[in-house]
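As written, the chain order gives the labels A, B, C and D, with residue 1 at the start of each chain.
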Amino acid sequence: MNLTTRTAPLLAPVAALALTTLVMLATGVDPFLAYPALVRGAVGEGNLEYTVAAYVPVLGMALAFAIPLRTGELNLGGDGQLALGGVAAAAAALLVPLPPVLAVVFPLVVAALAGGLLAWVAAPLRARLGIPVIVTTLLLSPPGVALASYLARFPLAERGTGLAQTPVLPDASHLPALGESGYLTPALPVVALLTALWLYADAGTALGYEIRATGANREFARYGGVGVARLGAVTLATGGAVAGLVGGLVVLGPPYRFVDGALVAPGYTFTAIAAVLLATGRPVLVPFTSALLTVLQAGGQGMEREAGVPSQLTQIVQGLIIVIVAVLALARRRTAKKRPGGVTP
Amino acid sequence: MNVVDLALVSATLTASAPVVFAALGGLLCQTAGVFNMALEGQLLWGAFSGVLFSHLTGSAWLGVVGAVVTTAVYALALSVPAVAFRADPVVVAVGVNLLALGLTAFLMRVLLGAGGVYTSPDLPGLPTFAKLGLDVPVLGPQSPLVPLAPLLVAVTAWWLARTRSGLRLRGVGGHPEAALSLGLGADRYRHVAVLGAGALCGLGGAQLALGNVTLFSEGMSAGRGWVAVVAVMLGGAWPWPVLAACLLFGAAEAFGFRLQGLGLPQQAADAAPYVITLLALVVAAATRGRRRLLEAS
Amino acid sequence: MPAVELVGITKRFGDVVANDGIDLSIETGEIHAVVGENGAGKSTLMSVMYGVHQPDAGHVLRDGVRLRMRSPADAIAAGLGMVHQRLRLFPGLTVAENVVIGAEPTRRGVLDTAAASREVERLGELYGLRADPAARVGTLPVGVRQRVEILRALYRRARVLILDEPTAVLTPGEAARLFEVLRGVTGEGVSVVLVTHKLGEVLAASNRVTVLRGGRVTGRFATAETTAQELVVAMIGRSLAPRPLAPPGERAAGPYLLEVENVRVRGGEGPARVGGVSFGVRRGEIVGIAGVAGSGQRELLDVVTGLRTPDEGRVLLAGAPVRRGRDPRVAYVPEDRPGRATAPTMSLADNLLMGGQRERRFSRAAVRERARALVERFGVRAASLDEPISVLSGGNAQKAVLARELSGDRPLVVVEEPTQGVDVGAQEQIHALLAQARDEGRAVLLQSSELSELRALADRILVMFEGAIVAELSAEEAGEDRLGAAMTGAAG
Amino acid sequence: GTTTGGTSAGAPAAKSVILITPNPASTNSFLQLSVKGAQAAAKEIGASFKLYESKDPAGIAQNVDAAVRAKPTVIVGVSFSFDDVFATVPRQHPGQQFLQIDSCAKDPAPNLTCVSFKEHEAAYLAGVEAGLLSESGKIGIVLPIDSPFIHRWIDPFFTGAKAVNPKVTGTPLYVGGNTPFSDPARAKAQAQALAGQGADIIAAAASGGNQGVFEAAAEAHVKSFGVDVNQCPQSPGNVIDNVLKHVDVAEAAAIKDIAAGKTGGVKVYGLAEGGVGVNALGDDLASSQCTVAASPQVVAKVKQARDDIVSGKLVVADPLAG
């Protein structure tokens, strides 16, 4: 059982790919055409840079989900936090002209605050009224997206263009390019650093221990003197802040403006959730599962471009991977305590 | 412009019907002790299979049957891992939702030869009451599945309270070990509940794709399944309150449309149903006390 | 012919042999006690008898006929009924629904609620098991809930009643009532199998005793012909040292370390749960708290530990108010082990850390080091520090909790039901640990429904009734009769 | 995605056309038309054709990069969404020809050709028809979202209607929600709301949601308008006319020009150029299944308005310019 648990994140993709191959064969798609195209689409010449660029929001949003998850709370409102962070960063950059460096840092701080605030709202509602975080965050997400959209459409809108978008941000607010095309920016090291910090805090600090204990048994943590309500608020706000920051990082990168819908459309939030769940409760795996899903997604576009295979196929692979992982990881959950609504008695 | 009139009632019913079916499914699962977060994907599958079978058989009603049957089968993707293997239902649901998104879009291209939207004048849709000769306000423009939704809520309420299997389902959900020690296998009831939820989502999807409109478009569940999840919680997994929650959301949505007509920005209308639902939830929680809500989750 | 006979039952869980060729026969109308250490295999054996587990070897005979046991349904059909320690009731359903579920009376396919209620009342009348059929089980006290479980078994015409540690969570009064009921049903020809850690009950109520140790039978006795010592030797392989737990004469003196002043707690569920309670505890003394369930002890202790803020009054520790949340000067062993005292899914090491995580620089190595030291010092038997604490036996888990709380030098020790569900060997060790804490000069507040435990350990016993302290008895004054009377509200 | 015209890998001399859409083309009749035009042009000039569909701005940039690497004869980008990318990439690759349809990047590079449309002129004509045909004096239009570009359909539509019937009031409703460009159910609900308020003409400009608008119109016994292509056959008897944008024609012409070496510049297609229009003006009106065919006097008025616009007597304001 333990062996299965350990290898679940490895075994599941293999099993899912096998099932997907069956789907391909059944629908007349040539796997020998599709898979190489998938790989080239993700890591082939010129594509790798975009895959790495897409990795930033996926990994960032994975943190946004994973941080509160350690206290047992499901943050499903990533889209709203992301969009609000993005538009807040754009607003800050446009309205408050600042010298270089500061012009990047300030919008990012504002973005984190905006995302954090939206997520934080769920905490007192959970602590005072017992409204599950999963519901609050889910319900707050569309209004967050709508508000961002409204701001981009009216007060911050660029004149004379067809899209609901802000003007291009001042040059000082552009994230510098690390590569040729400008899609590789310091956003990657920033998110990597945050991930490293989180992994360290989770495993190697008292705070991380208290967070884990709260997730494992809230009453136990409360009994042990941990301020569970405060911790819930802190982790939720932190998760939201990371989501907001990701929004800010994307907006400060090319095309250097907030475009309505652009942050939400790629579905980073649910890809990231899938990546975190795929890691079956082991934080160190999150960067890898995020990478796997990013590669699948980016590769899907390449596969469609090159081999004409609908990119939805990669969604099928992802869905299957997650279901299979859930089954393979059941050994861990055998002994797990009852979670809200879970079937474990 | 009138803000409240009979058309608003009608619009509320139309908007709510698919959500009510899905929420009723979620309620069954919750009662049986399975947290069903896969309603969104199942609703999507129901919409797709409804259109597919309507297209294949040339009959909208056979489309509904196809949707009910295949969505129940699709629900196996949740029930087998989550019930038989004791996998985390939340994790499985995320996978099931993604899978539905990919499968429907993929199969739509492969089987219906269309991407994005599949629509055709030859695609049979469900008749409205008006077409069936009952041209009354409110009900006239609805398909027969629309009144079926609250009817099923009533049946479910009665069934849970007054029948042997209903009682056992409540018991199984409340304390599976206890059920086991009485020789009532909890798993059987849970499988049935999850598959039943699948069938209901099939109905909801069919209503969405063949009743509300007559077409399938990619991702057309568009968050309605998530609204159903919220409605189950808001209604404390009790049939009538869950129905009320669905109607509240539907009314808020229809009302938001009206507000747009009065000059409010579209984004306000988008946010309205969620904000109103959240406010209702806050009020309900404040009056009902936090304990019950947490239990229901 | 025995009513039930277990023949050569062997049951393994992985490497653990929980039952190893056990024979057990239960006569019609007898109360048969099964005793043994934690992990001896008692619950496993009962589960096999009731069809929850399928044995790896051996079989079950009922009235001489071999049973096919695939699930409890087969056992129920064969006239067996089981009352689990952690009650298996549906909290959201009514008493009547709980009793009839699985064998519901119906009229034309619809549940016959009236018939169910009538049946519950009739059975209650017959066996003295009163319970309101319409009450929701989740709102009932544990003693009544247990009655519902027994009613459920009797409703199904059980002729053999299996009870796994039924008195562990009952007050003495409730336990006494239970034994009356059991004597009543055996009078009707029902057989009772009774698993318990309380030898007093065994000697008082049973006809015969079977002792298990390490999955095997190590003794069979007719109760009338055996003694507690004999049973203990069969259970743990040695006798317990007679121990002077409360050396008389050395009365603690000096100021109160803990001062509780006029504390009032209004409960969410009822009227005032604690109504204006004042008392104090000195260093070097153990003060016991007794009272039937729901008398307000739970709420009072929550206030003392700082987990709950009183509606009125205050609690001082060494002259300073206890801190809200959890005061680091208080060591606290709660009653609810899986719910509050431990995080069952976390490792033993992580469980041993709680409360001390901010004392030193945090590191994985330090956490393990600390855990290893505690496990050694307090004699916790565990295969690994990294396995979830839930795999530990009840006694060992309890010792781990005590180890965590008693390490360090917190001046106040608050303990609830320290030996519940714990075997006699572990009970002895736990009592010794508490006495040691007192001897180190700490103040100990001990809540227990085990009157013998209170009398053996406490210097003074406070008796609570309906949220008030109705009596304070010294160790000498606290006889079972006086305590019992005070606990039911009769002036003590 | 679809591939036609064989493989693209071949001698660098082989001609090829790569079309990049900002969204999956399948959900959008306009994008589908642009695919059709590019395919036709590629066939005519003997080039291979490839379609790259994007899902978000990063995807657009990625697709443009991939296209640049493939070195086709021309890279076609459709819509405003390419403004940012086409402002920079063509300058970095001066040897590569680019074509932007329906918009133009700021200060276009010499190797960027643009084709844009005055769809507001066609929308005005549709408005004229609506104004003449509405009995209740209430008309509505259902759109995906409230973005500036979308107003190119709304404002001239209502202006046209008011021009012929000053008492007309117009109401726009937006689909919004999670998938505004492809939510027929919400689009239908919006159309029903408009019908419920007495609108007897409800134009559909809701992209993938149009079919929902037509259904609502049919059920409420009111009339509708389609966009981009002739959508009258989708709901026979219920659609008056369509705001046509002959993207395929304009695009094919531009591709052929580029292939022939005529590159650069902005080509604007209005009524005068025949790049936009309504079915009422077409030769195939009788077979179009559009109900405006039954109202010759309306067709006559529309023709008059067209002539006024073409001659410059009447100027339809471009909402984006203002």
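Keep in mind that, in the parts below, contacts are C-beta pairs under 8 Å (C-beta built on N, C-alpha and C of every residue); 3 or more make two chains touch, one makes a residue touch a chain.
Note that the structure is a prediction, hence the values are computed from the model and not measured.
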Query raised in the report: Among the chains, which one keeps its Cα centre farthest from the Cα centre of chain A?
Result: C
Query raised in the report: Does A-B or A-C have more contacting C-beta pairs?
Result: A-B
Report summary line: In whole angstrom, the CA-centroid distance of chain C from chain D equals 76
Query raised in the report: If you average the CA atoms of chain A and of chain B, how far apart do the two points sit, in angstrom?
Result: 27
Report summary line: Taking each chain's centre as the mean of its CA atoms, chain A sits from chain C at a distance in Å of 46
Report summary line: Taking each chain's mean CA coordinate, chain B and chain C are separated, in whole Å, by 45
Requested in this report: Could you list the positions in chain C whose residues touch two or more of the other chains?
Outcome: none
Report summary line: Shared-interface residues of chain D (touching two or more other chains) are 145-146, 176, 178
**Report entry** Residues of chain A touching at least two other chains
**Finding:** 142, 146, 149, 153, 310
Report task. Give the pairs of chains that touch; include all such pairs. Result -> A-B, A-C, A-D, B-C, B-D
Report task. Could you please specify the touching residues of chain A with respect to chain B in the complex? Result -> 23, 27-28, 74, 125, 128-132, 134-136, 138-143, 145-147, 149-150, 153-154, 270, 273-274, 277, 310, 312-327, 329-330, 333-334, 339-345
**Report entry** Complex contact set, residues of chain C against chain B
**Finding:** 50-52, 71-76, 82, 84, 86-93, 97, 101-102, 104, 106, 109-111, 152
Query raised in the report: Which of the residues in chain C end up touching chain A in this complex?
Result: 307, 325-328, 332, 334, 336, 338-346, 350, 353-355, 357-358, 362-364, 367, 388, 390-391
Requested in this report: Could you pull out which chain B residues touch chain C in their complex?
Outcome: 162-164, 167-168, 170-171, 174-175, 177-185
Query - chain D-facing residues of chain B, complex - result: 1-2, 5, 7-8, 10-11, 14-15, 114-117, 119, 121, 128, 130, 141, 208, 212-215, 217-220, 222-223, 253-254, 257-258, 260-261, 265-267, 269-270
